[in-house]
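Read from first to last, the chains carry the letters A, B, C and D; within each, the first residue is number 1.
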């Protein structure tokens, strides 16, 4: 975990409203785990000021150039323009300065469970699954990606997963790409076909809640990556809490999304309430 | 150029600080969270998040929202409770050579008193910072810090319960902050810190819901700085005890505004979120400013406002 | 898409406005100054700068300073005086088909009453906006608007002096704005506008001087919006008369926050300086929002906050 | 007077800390008078928000291009980086969008007085004198520019004045360019040599106060261009006032710098107080 004052190497729109930003980050790859995130801020006078949290899509290295430029390690974000902060990000160019805090939080736990790995991504929730897929493939696992989105525009980077050797299954709400319907339908079918599975999911809260119901009904291990509004990203402000399992007002069990997450084993969380709340993330607070 | 480095150390409530810069309560965890970015031994003091008698759950989510040059928070004073603080957090402070100010609060007079008592025999805690911006549940939720009598009452109670230096932190949500400041000074405060957050609200226009679950929250950040500077200026003139200035300090220049109007020290809050090393840059910036201005002691700057 | 354009007109203090958007006093001159940029016939109302019995000189220079997402001003209520207003400024309003709200103030009860009386027979003035954020010189400078009794007194006096619709504009520099709001409602206010500026201060660190000559000034602009939204939300719940929301409105989205918490109309201040056509963009933006949300009347949106 | 939403054509540093910005402004030249100003704001999310006032240095027109680009009318600023607003301006590039309100205020009055015209500029105060020089030369007057600055870096655009046919006399405090000493010494000498003169001055307040003393002692007509902190630029906020002649608390005589100025005949102003105050501009308020 480090505060990089660094530059953008490239920033490109890859689908309507979705951008990919490559940021120079020496030494980052060696310490980044799948599922971790960063807090980012353009280094310029801005009316918005808080850093924004983004998953780490991947890390990589540019080879040395004929011009004599040495190899350059980078990390990559995939982001969706949703508000002022991400809009400003989309207007940045190669060479513009950014401040990058990370890698932060607890990522996916990759255990020795030999069952098939099912990665479930909803829209931009795909982001943390790429490095996870890399790690699982490297460890010799069979990896499938179930990718859902509203329309074909929300289905991202699938060919990159395929290049890793991941089997991909795409579904869209409007049927404009892949199967028509919810990604959770695909998940149910896959689990019915092959119940020895482990599931890793990231996406909007209603999707995660459905995934949790499906997995807990079948006793399939599940890890989810959550989102929450964050100020510090390091466990200091307690702004990003979610309710943990067994939470009650009398016996609060709060978990910090930034520090104890963003990835949680499903059993750590209070699904009843989270599902009922319909928020973009499970609700709650920081366990001390 | 001055070859000797200017003196940055100041005295607050009888405590000598190596420099006037410290975190604002609730924005720096217990200190440890920021240790990867900030050498805690470079700070003037460490201020803990607000502690209460029993562990406190805090408010529902979402708890924070950004506003123009500010942020709203309604953490709800979630904390581990005083006993867990003493048992689990304090040992860490033994490794740090920086005074620790324990910020705390209560929902009743008794709770305030009891927390103060439990901090008596905790050598890791140098001073108390009493947050009086809390509703008095017994007296119908009226905030202790908005009524001079209630404020004085809680301060004298705590004064009796614990002999450590006592800093009282004021709420800005009042008609005349000098009335409260004088009341807590008379009741025994050794120093006053101000300001806490201004109460604010933001609405998501699509969902028509408040942006934070608690409806209203505390506004912090550079947006509130002019209000904070004004209040510190007023309080400095109203009381004799030292004042710690807080509110929207992002840079050394911002901190200097507070020092010039007479704050003996400053606390940095929201800036820590934006730049984890903000306090170090502020300390360095203050030192550089003194050198540029040919001042060899920060105390020459404090209260140097020309009016 | 809705083919019919949504209804934007609202009723405030018995006056039908074509839309809820009007300038905030002191930021739009007498209206004429902005006529090159803004078709005054598109506004919900015109609000004049603050008028007093005698011409008022105002404060020394500098009078304004920018702060983070805000500005401080200490104009000192400079104005031409009520008689010159009636003689020289009012004739212009005959060419404009938009109601004119005359904002005014006094330094004594008598002055308030006398200004109100002199506006009785001025047909160009539709309503009065009473600014009670002024020090009562006879009562030792205590601000009328920070004491519920003084506020009620000045409101009933004005109420008696002039039968035109009466809007009372509240100061945010108080512990509990609902107490003042209820007091002025009981005393006869037909509507309440809030907020006026927060008192703030900024310091030039090189010269060690306040950035404005008057030392403190009124903070306006987006920085204060969360405080304003919170206060409007509180006042809407405390009184029955319509509330006009003011504070940091720069865009249609900002205005919508106020309407959603229950403001019947909004005033735009500092934004006029940044974009002279800001109000027109805000009106268009509100209309577009209603259409997007499938609402055919702005009154469906007003007070639609989900809590 | 119009609110242009337009673009920057170029933005270049011409001396350390001094920049020249060319802004596309069709129709601007036809209505701009020497001594008027504009209120400028970059059209991007910014933490600073008020527009900044700048004198109009000159107007011009780019000829049509082979590429087919039609002729483009522009206006030019010369500005000094002094704070956050001007620093942000200096980071803008050709093509970046700005909002430009103007031309504003009352400029120099060019009467039929046949005496020699002495233009006195201090540092960046030179700006409004260029269009004045153009107008005076066009009207057949003999024009001299007395240009003062702290060092050679503060002496700007002198050759451009010379190209118009203006005789220029440079002085610097440190003697690094031209004569060593104050521009007011040069002015005294010139007036002693040829007392039939009319003076137009713009620069820091102490310089203007000295110019006023020199001119009033000799009964030489003087116009000065003032600076004041401005919010609206159109006479609405009353933030920019200066004290006019005969001002007193009992009988206030306030003048708006933005509307009744920025150029004033010296006799309109309250020099006693202004000089004593030592502020960067005469002090006061708006006459109604």
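One rule holds in what follows: contacts are C-beta pairs under 8 Å (C-beta built on N, C-alpha and C of every residue); 3 or more make two chains touch, one makes a residue touch a chain.
Here the structure is a predicted model, which means the values were calculated and not measured.
Participant: If every chain is reduced to the average of its C-alpha atoms, which one ends up farthest from chain A?
Facilitator: Greatest centre separation from chain A goes to chain D.
Participant: Quick one: chain B and chain C, Cα centre-to-centre, how many Å?
Facilitator: Centre-to-centre distance between chain B and chain C: 34 Å.
Participant: Give, as an integer number of Å, the spacing between the C-alpha centres of chain D and chain A.
Facilitator: Chain centres of chain A and chain D, defined by C-alpha means, are spaced 55 Å apart.
Participant: Please work out the Cα centroid separation of chain B and chain D, and write it as a whole number of Å.
Facilitator: Averaging C-alpha atoms per chain gives centres 47 Å apart.
Participant: Would you pick out the residues of chain D that each touch at least 2 other chains?
Facilitator: 47-48
Participant: Using the touch definition from the top, which residues of chain C touch two or more other chains?
Facilitator: In chain C, residues 68-69, 222 touch at least two other chains, as defined above.
Participant: Is the way these chains touch best called a line, a ring, a star, complete, or other?
Facilitator: Graph shape here is a ring: one loop, exactly two partners per chain.
Participant: By the document's touch rule, what are all the touching chain pairs in this structure?
Facilitator: Result of the pairwise touch check is A-B, A-D, B-C, C-D.
Participant: Can you name the residues of chain A that touch chain D in the complex?
Facilitator: 45-48, 84, 88
Participant: Taking the complex as given, what residues does chain B use to touch chain C?
Facilitator: Its residues touching chain C are 67-70, 72, 146, 173-176, 198-203, 205-210, 215-216, 219, 222-227, 229-230, 233, 248, 253, 256-257, 260-261, 289, 293, 304-307.
Participant: Taking the touch rule as given, give the residues of chain B at its contact with chain A in the complex, in rising order.
Facilitator: Residue list for chain B touching chain A: 26-29, 33-34, 36-37, 49, 55, 57-58, 60-66, 68-69, 71, 73, 75, 78-80, 84, 88, 221-222, 270, 272-277.
Participant: Going by the contact rule at the top, pick out the chain D residues touching chain C in the complex.
Facilitator: 1-3, 41, 47-51, 99, 101, 228-242, 249, 252, 254, 279, 281, 283-286, 288
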